[in-house]
Every structure is written in structure tokens, then in C-alpha cells.
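Note that chain A is present in both complexes that follow, paired respectively with chain B and with chain C.
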Partner chain A sequence: MTSGKVLIIGGGPSGLESARCVAELGGEVVLIEKRERLGGTPDRESYAKLTHHWRDASEAMAEMAESVTGNKKIEVKYSAEVKSISGEAGSFQVQIEAGGIAESIEAGAVIVATGFQHFDPGRATQYYNYYSFPDVITLTDLEKMLKENKVVRPSNGETPKKIAFIQCVGSRDRQIGNEYCSKVCCGIAGKQAIELREQIPDSKVMIFYIDMRMYGYWENEIYWPAQEKYKVNFVKGVISEVLKKGDKLLIRGEDTTMSRPMEVTMDLVVLSVGMEPSAGTRAVAQLMGIQQNKYGFIESGGAGGLDPVATSRPGIFVAGAASGPSDLDDSIAQAGLAAARSLASIRKVMA
Partner chain B sequence: MAAKFEKVKSVEKEHAIVDGVDISGDWNRMFEQRVITEYTPELIEKVADIPGAESFANCYQCAKCIPVCPVDIVGNYGPRKLYRYAQTGMDLTEAPELWLCTTCKNCLRVCPKEVDMIKIMPAAREQAILAGKFVPAELQQAFENTAKTGNPLGQPQRKRDAWIQNAGVTIPIIKDLARPVDVLWYVGSYPSYHPRGIDAASAAARIFSALGIDFAILGREEKDDADSQRLAGEKGLFEMMAESNIATFNNYEWKEMVVTGPHELNAFKNEYPKYGFNRPVSHYTTFLARYLDQLKPLLKHEVNVKITYHDPCYLGRHNGEYEAPRKLLEAIPGVELVEMQRNRENGYCCGGGGGGMWMDSFTAKHTKMRLSEKRAMEAASTGANVLAVACPFEVSRFEDAVKSTGNEHVTVNDILELLDRSMRGEQ
Partner chain C sequence: MPTTLENWNPGKAENRHPHVAYEEKERLFLEVKNDMRYSDFLYGCYECGICVATCPSARFYDFSPRVIAQSMAREDVERVYDIITEDIWNCAQCFSCVRCPRQNNPGGLVTILREVSLKNGLQETKDALQGYSRVIYKVMLKGNQVSPDMLQPDFFPDWGPWVTEFSANMQVWRKAIPMDSIRGVTDAAWRTDRKTLLELYTIWFESGNMEIIKELDESLYDLLTEVMQEELEEG
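This part shows the complex of A and B:
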């Protein structure tokens, strides 16, 4: 039976924005979220200043969540997962389990917004010793400390004065299996470097990189100010290993534009970990029989290549980082498109 | 032609001498530590904290400046490298690198971050001078000469107008005329004292006279503009000279000023206004190009030469005049004008700007060849037999350079001399 409802899987930035847009366009939504609260990874990982104009991302997410939970056209189901799906565009039957109770939902279209997970730095081929040295941390670890305005060396609680970011950890690496660029790590490292210089004005902050990839607003809102205003230092040449030297960390690499080896001590080393498809993205893609790319992200683009929210199965759409690394801006933009396309696909069947 | 000169590898010492014994070998490079053991952002900030030098910290290493830096072509140097050197331990205010920039402005022309060496270098050099750090001795001498005698050559002030006796035409001194003139011609130090400069000045006087221009010079009252001293870090000296010159300029009535040299043009047009001097100033090429219709009938004699013209940095890039010199050269009957590979906006520096004029021995220690030699070779490679110039620093520089590079067949002439030759025939 044809249904006018749109089922949205995932209550992160893309899921919330899709839900809001479908409702605003006059459609009805069932949004299912695996956790007990909305907001997705920005909320779970306590992202701070990760939006345009440095607004606190979890704050912005809370605002989005509120606009969804307060909307009569949107039904939100927490602690919920998809179990199976059958049918076709216009009339899908989806079995879910919400709070341990099985349910069946009729939906005309589905938007998959199941997001990403951070790369596990233990899998890096270089010896970064994330699990051995407490002062080797990731962007997400640092984000939490920055949010509380209390950045310390985990080993001794002291304020770090020399901090190095290592870019492309888990990204652009064939051996790891992630040949893609995670897109956001350059911007986030730049942003965190600025915050470090604000919170610890007498710190030296250095970013070691292969290429700085600061697309969109990252370039003029982060990269240039990071260097020109906040005096963050960028060095081309990624670090090969992190060793211990007394109670400091010794980073070893090549300073490529000087063409010289480099061994410098640091108080804190931040690994700019990339994005991988979340377990939810992998599971949902399998279960729905939609095509994944070699990295496990949901293949999008459609037959013509210019349909960034289309999946291989008509009536099922994808938004945000489930289809590949994506920042908040891009995820939100895709969500709006997915909302429009899902409603259009239902109306086509109904007509 | 240029191929026989390899670029210098700065980390290798030519000779290693220990206790008087030459132990040179392939391993000389080991004398400089290879491993970087510390980054020193504070040394970038040390420069960027100097007023005027702020943009030093903005380099993002795109390296667009390096292929257009005239010094890198003969050495291992360039704006983006200075940033890295500072980041890896070099204190620019104490390093030889501080004195290699000629302020030619080609880096700023291409820099996407607008890192402005034209402001950074004078500011950092001034800091070094004030702090009593190393200053090349020859430069120090030029500063002292300027302060003592009013010109960097150290020539006596009373002889500044001695040259006018042999110019073959009457050259009025404005003080003696005791009446307003149309044109105040600021001759400049090199055209007043240097033999080859005097040749150009005398030619200018003859051309002005032939054109019937109502002009006068300041004579013994004229003092060096000191713009290159300013760029070399002596702002105090520059201010002293500027105040003195402005007072002299204001003592007389004249409609416009013409200068022989691009450095003087830059001083009076762009710097002296900061000290209250705001009068019309032109370089002689711009000025004479205005008189082209009257000038052409005077150019009666064919000058059968193949000329290539060298754009002075301070006439071209700094002040935007590329066409007037070429128009003048093209007006000379018999002349064939050919261009060097690097011309106009991308003209290659002769090495004389920013105080380079007075640091040749110092610069030679840090480069594989002189900038003027590189340029002389480029000029010769066009097949030209005359290298035409429009800056009083250049004649002597290039005359040395054509000799040292085995290109004696190339004659170096100021445009004034070539116009004069066409006017009067071979003398």
C-alpha cells in the first residue's frame, strides 16, 4: 500500500535536517534513532565550535533537535533500529525494533542518515602510540578538553606548551584501506589550533601535514587567521613516529621544504583522525541492499553522477557522512536535498 | 649561456679548514647539522613584531616568490625560505640573509599573501642597525659618507656641480638664476660624481637645451635622496636627508621636477610626501616621452645598433613606467630594439637596489655570481650589442658585468647617451 510517510534513519545533523525539511514541505516523518537522544556524533562527542562563525555545534544541534521533537508531523522513536525492509518506492514495509519492541512501519521513501565514526588511531601504520602514551590524543579527545577550557597533558595534568597536530591519520592511506580524504580534519585541526592559542597564549602550536585541504569557509575563516592572527605554524611533512623522550614526546619526520630530518620534542601530540562509515551505516546498507563503495560508505550519485543523495535502490536516499566524509555544512545541505527528493519520489508514485 | 653556472648548495662549504689544514671533501655538508631539533616560531614573531614587518608571518609556502627572486637564481635565498629559516632557528636580524634582498619587488608582485619584503627588509634592517648587530662594512661606509658629505660616494659637496663645466651647454644653477624656472632637474649623486654618470648627465643637459626647456639644477645645494639608504635600514639618515632636501626644494620656484634616477623618483614621489613634499616629479624618460614630437626631428643621426633595454626595478615595478623608455629608444633612427626574456613587470634586478649598490663584496660571498652578471648574460643572449639602461646605478654595474662574463662586445649606455649620440652623431 502506498504511504506518504518518509522514514528517516539516524538523528544526527542530516537526519534532523531531513526531518525538519520534509515536515516543512508538508510531509510526515518517522525518525528512528539508535541512541536515547538526538544530535548524533556532534552531540555524543561534545563537539564545540564546529560550525560557521564558531558557534558551539552541540548547542546548534540541540536547537535542531528541539525543532524536530516539537513538530507534530514528526514522530521520533528512540533506542530504535531497522530490522528488515521490503517493498519498493512508494510502499516500503519496514520492520523496526524500538525500545525492545518490534514494530512495522509503512513508508513511501527512506532517508539513510546513519553517519560516520572516527578512525581508530591504533590502526595507523606509523608508530603513533596512541594507546601507549597518554599525551598522544585525537581531535575528539582535544575537542572535549577545549570545550571545558581545560587542556592538559593527560600524563601529568600540566598545561602543554608545545603541541603538534599530525594530519591524515587514517586517511589517504592505501595500506589502511582508506584512500579517501576525510575532508574535515584540516579544518578541525586548524580550528583547534586557534583555540589552543587562545586558551594557552604562550603555547607553540604546529600542524604537520601532507596537503592542507581547506575548502569552503575553512580557508578564510580558519586557515588564514590560524596563521596570520593566531600564529599557528604549519610544516609540510607528516610525522612518521612518536617516541618517548623523558616525560616529553619526540616526533620524528621530515621537514620537506627544508629537505631535512626533524626530531622535535612536544608536550602533546594530536592525531587528526579521519572518518569511516559508522557501524550503523554498514549494517543499514547491507540490510537494505543498497550499494556501498569499497570503503563501506553508501554509494551515491545516481546514474547521471550528479544526484548526490540517490542510492542504488529507488526510493531510498542518503544524506550526510553515511555517503562519505562530510562537514556539518555539507551534511545539512545534502539533508535538504534528500528531503525534497524523497517527497518528490512519493508524489510521483501517488500521481 | 647560463647553463655553465650551477645553483649554489648552501649547506656545503667550499672549503673546510681545521687548524689551518684544508680537509675539504664530499662530506663538507656534515658541518651543518642535518636534523632539525627545534622549531622556533618565536623567531618569526620577532621579525613580525617589528612595525612594518608584520606580513613576514603570513607566508604559507606556496613558493611563487622563489622563481622570480633575482637572488635565488644566483644563490639559495628567497622570501619563503626566509620564513622557513626563521622557523627553524635563524634570527633574521643577525643573519647574512638580512642583507641580500634588493627590494626589487618581484616577489610582492606574485605573492598571494602580500608578504611585503619592501617593508619587511627596511624595518628588520633598521632593528639590526639600532641593536648594533652585524652590518656589512661597505654599507656602513655608504651610510657614513651620506651623513658626512651628502652623497654615498663620499665626494665633497662643493664638487657636486663640477661636472657642468664640460657638458658643452650652459647649465643654470637655480640659485644664480634668481627667477622661477619650469623644470627643476634633480641630477642625483652618481650622475654628479661618477664618470659614467656624468656622461649621462651631460647628455641630458644637451637634450634639455636642444629642446629649449627652461630648466635649472640645484648645484652644490643638492644632496642625495637617501631612498636606498632607507631601504637598507637607515631610516634616521633618510629622514635627515629628506628634511634637508625638502627645505632646499621649497626655497625656489619651479613648476615640475625631473630626476635622472628611478630611486630619486621613488623617494620624491612616494616617500617625501610623508614628510610634506607634494610636487610633480617625473623620471627623465617619462618627461622626454612627452616631448617626443619635438625630440624626433633632433634625432638626425642613425645609430645602427641592436639594443636591449633593462627595466630598472624602481622605474618599472615600483613606479609603473615601462613604455616611455622604449618609446625613446624606438624614436632613434637605425635602432633595433629586442627584449630580454625577463622584461617589464618581470624584469630581472641588477642587484643595486635596497642598498645592494654598496654591498657587492658582501653579496658576492653569499651568491654564485652577481645579479648584474646574470642580467648581462641574459642581455648578451638576445644578440644585442647595446644594453640600454635608465638608472644611474646601472651603467657601472653592467659595465663590470659584461667584462666579467666575457661579453665585452656588449656596450652599456644610458638612454640619454643614445639619444645624445643620435642628436649629435658619433663624437
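This part shows the complex of A and C:
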């Protein structure tokens, strides 16, 4: 039977924005979220500040969540997962389990907003020793410390004075299988480097990179101020390994500017881990029978390639990092489009 | 110290000036960094290489304006000491490098580095400029830099292939294009107006240039001062 409802899977930034937009356009929404709270990865991983306007992430996510939980047209189901789906555009029957109880939902369209997960540095091809040395951490680990304004060396609780970021960990690497750029790590590393220099003014911060990809306004909002105002050093060259030297970390790489091999000691090494499809994204894509690309993200673009929220199955749309590495701005923009397209597809069936 | 298996460290740049204390290198570095022009000459470097691409010296010498900018930005004190004792004299000070998209001025950094090296009387600077005594003498006393016979291809490869042609047939060129030279010969520069010359002499003294010359080459300083003061007194 034809249904006017839109089912949204995932309560992160894309799911929340999709829900809000569908409701604003007059549609009804059922939003299902695997966790017991909304806010997605920025909330779960305790993001500190966002790259645009340096907004507090918890505050921004809470605002997005409130616009959904306070809306009568949106029903939110927590601790919920999709189990199966049948039907077609305009009349899907979706079996879910919410809080351990099986339920059946009728929906005219579906928006998949199941997001990404951070790359696990245990799989890195270089020898970074994330699981061996406590002072080798990831962007997400550092983000948590920055949020509490207490950045320390996990090994001894001391304030680090020499800090290195290593870019492209888990991205742009054929050996790992992730040939793509994760888009956001350059901006996040630059943002964190600025925050480090603010929180620890006598620190030296270096960012080792292959290419800096500070697209759009990240250039003037992050990259230039990091270099010019905060004196963060950007060094072209990837680090091949992190070794232990006394209680310091020795990093080894090439200083390509000076054309020579380089070894320097650091107090803290931060791995700029990239994005991979979340377990939820892989699972939902499989059970919905929608096409994934070779990296496991949901294939989008439609027949002409210019439909960024279309999936291979009519009536099912995708928004945010479920379809590939994406920053918040792009994810939210896609969410708005997915909302509009899902309602349009329902109305087409109803007409 | 000879390189042995024990002290060999491929990860560390060769310390080319081990006899100079790190503190001394750092002092010079800070003098450059604290120059009031520094913050306008160096913002941040992309390593895009446009400065090297436009640099005439980089084509002929082991010289890179990018490395100079980046060494300063990274506060690589050892490397900057290499630069202040060597690289800076390979710059032609043409400032082609200022087309930098970040608005850096590597040539300006070289200017500051040169001034600091001169003010501190570095031996390498004296050595580097020894061959230029005649040029300095001409610039400061006659108001012109190069006389035609100085165009020797071996000394100025960065001036391009035409120098060979010019220097080989200097007399013919002089006949073809008559110049208002001081004595009508090729070993002297073109004539500078007397009023201009006296103004130049005043500038050399007032701007502290003569002090730098004194630090560099005392006999040259004596020679220049004597002539200049005499001319200035005459008015």
C-alpha cells in the first residue's frame, strides 16, 4: 500500500537534517537510530570544535537533535536496526527491531544516512605502532583531549612539547585498498594544530603530508592561519615509521624540501586517520540490495552521475558519508536534497 | 671527525660548520628573524616552487629561494647558517620571486641575510665579496655598476649566451653604438651626472653603507672615503 512516510536510517548530522527537511516540507518521518541517543559520529567520538565558525560540536549536534525530537511529524526510534525490506518506491515494507522488539513500518521512501567510521590504524601499511606506543594517537583521540582542554602524553601524563601529525593514514593507499582521499583529515589536522598551539603555546607542531587538500575556505580559515599566525610547520613527506627512543618517539621520513632523509624525536604523534564505510552502512546496503562501490560506500550519482543522493534502487536515497568521505557541510547539503527527492518520489507514485 | 660506522647518521644533515657554536648560529638567525621587514617578507610556504621557476640564479647555481624561505620558516638554524655563509651570494636580487601567491619575498629574505652577514663581518662574506671590490668601487664612486669589459661569460653565466657574443666583439659594439662614457673606453662605466654623484655619496654615508664597507674591506673603505669626502667638500 502506498505510504507517505519517509524512513530515515541513522541519527547523525545527515539523518537529522533529512528528517528536519522532510518534516518542514510537510512529510512524515520515522527515524531509526542504532544508539540510544542522536548526534551520530560527532557525538559518539566527542568532537570538540567544528571547522566552520569553530562551533562547539556538542552544542551544534544538540541543536540539530532538538529540531528533530521536538517535531510532531518525526517519530524517533532508538536502539533500532533494519532487519529486512521489501516492496518498491512508494510502498516499502520495512522490518525493524527497536529496543529488542520487532516492528513493521510502511514507508514510501527511504533515506540511508548510516555514515562512516574512522580508519583503524592497526591496518596502516607503515610502521606507526598505534597499538604499541601509547603516545601514538589518532585525530579522534586528540579531539577528545582537546575538548577537555587537557592534552597530555598518555604514557606519562606530561604536556607534549613536540607534536607531529602524519597525514593520509588509511587513505590514498593501494596496499590497504583505500585509494580515495578522505577529504576532511587535512582540515581537521590543521584545526587541531591551531588548537594545540592555543592550548600549549610553547609547543612545536609539525604536519607531515603528501598533498595538503584544504579545499575552499579551509585554505584561508585553517591552512594559512595555521602557518602564518600559529607557526605550524607543514612538511611535505610521509613518515615511514615511528620508533621508540628513550621516552620519546623517533619518526623517520624524507624532508623533501631539503632533499634529505630525516629523523626527529617527538613527544606525541597524531595519526590523521581517514574515513571508511561504517559497519551499519555496509550492512544496510547489503540487506537493501543497493549497490556499493569497491570501497564499500554506497554507490550514488544515478545514471547520469549528477544525482548525488540516488542509489541503484528507486525510492531509496543516500545522504552524507554513507556514500563516501564527506565533511559536515556537504553531508547536510546532501541531506536536504535527499529529503526533497524522497518526497518527490512518493508524490510521483501517488499522482 | 672522520665518518665511521659509529658516528654515521644518514638522517641528519651534515654539519658543515662544526667549529661555529650553535649559539652563534642562533644569534645570527634571530638577528635576521627580528628584522622589522621579516614579517612582510615571509608568511607561509606552499612549496609550490614558483620562486624557483622564475629564479634566474636557480638555473645556473645550486640555489633555491624556496629552500631559503622554508629554512627560515622552520627555524632550521643550522641550515640558515649554511645559507648565510654561502647561498645568499648566488642571488641576483632581481626579485622575480615576489610573484609568490602567498606574497612571500625570498629575495627580500636574502637582502636581510646579506645585511646581517655583512654587519657581523663573517669571513665567508668577505671571501665572497672579494672579487667584487672593483664592482663596489665603481657602483659607489661612479654611480654605475658594470663597465663593458666586465662582461665575461665565465663570471656571469646567468646573464645568458649573449655575453659571449658581446665580450668577444666588444670593440665592434662600441663603434657601432657610441656611448657617452667617461673616457671613451670599455673599461669604464657610463658617465653619471655630478650632482647625482654627490647625492649618492651623501646617501652612502647617511644610510650606514660606508660602515658596512669598512667592516668588509678597510682599504677599499679608505680609498672611497678619501675621494668622496674631497668631492663633497668641493661641492
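Here, the second predicted complex is superposed on the first by the 350 of 351 C-alpha atoms of A that agree within 3 Å, B and C clash if a C-alpha of one lies under 4 Å from a C-alpha of the other, contacts with A are read in each partner's own complex, and residues count from 1 in each chain.
By definition in this document, a contact is a pair of C-beta atoms (placed from the backbone, for glycine too) under 8 Å apart; a residue touches a chain by one contact, two chains touch by 3 or more.
Computed from a predicted model, the values in this text were never measured in an experiment.
Superposition model on chain A: chain B and chain C are shown in a clashing arrangement. Contacts of A:Q227 after superposition: both chain B and chain C are touched.
Shared-chain residue A:K236: touches chain B and chain C both. Of the two partner chains placed around the shared chain by superposition, neither chain B nor chain C is touched by A:V82.
When both complexes are overlaid on chain A, the residue A:A124 reaches neither chain B nor chain C. In the superposition on chain A, no contact is made by A:C186 with either chain B or chain C.
In the superposition on chain A, A:T257 makes contact with both chain B and chain C.
Taken together, the two complexes place residues 227-228, 233-236, 257-258, 260-263 of chain A in contact with chain B and also with chain C. Residues of chain A touching chain B in their complex: 204, 206, 223, 227-228, 231, 233-236, 255, 257-258, 260-264. Residue ranges of chain C in contact with chain A, taken from their complex: 9-13, 43-47, 66-67, 70-71, 73-74, 76, 79, 102. Remark: chain A residues 212, 224, 227-228, 233-236, 252, 257-258, 260-263 touch chain C in the complex. By the touch rule above, chain B contacts chain A in their complex via residues 34-39, 41-42, 44-45, 57-58, 60-61, 63, 80, 84, 87-88.
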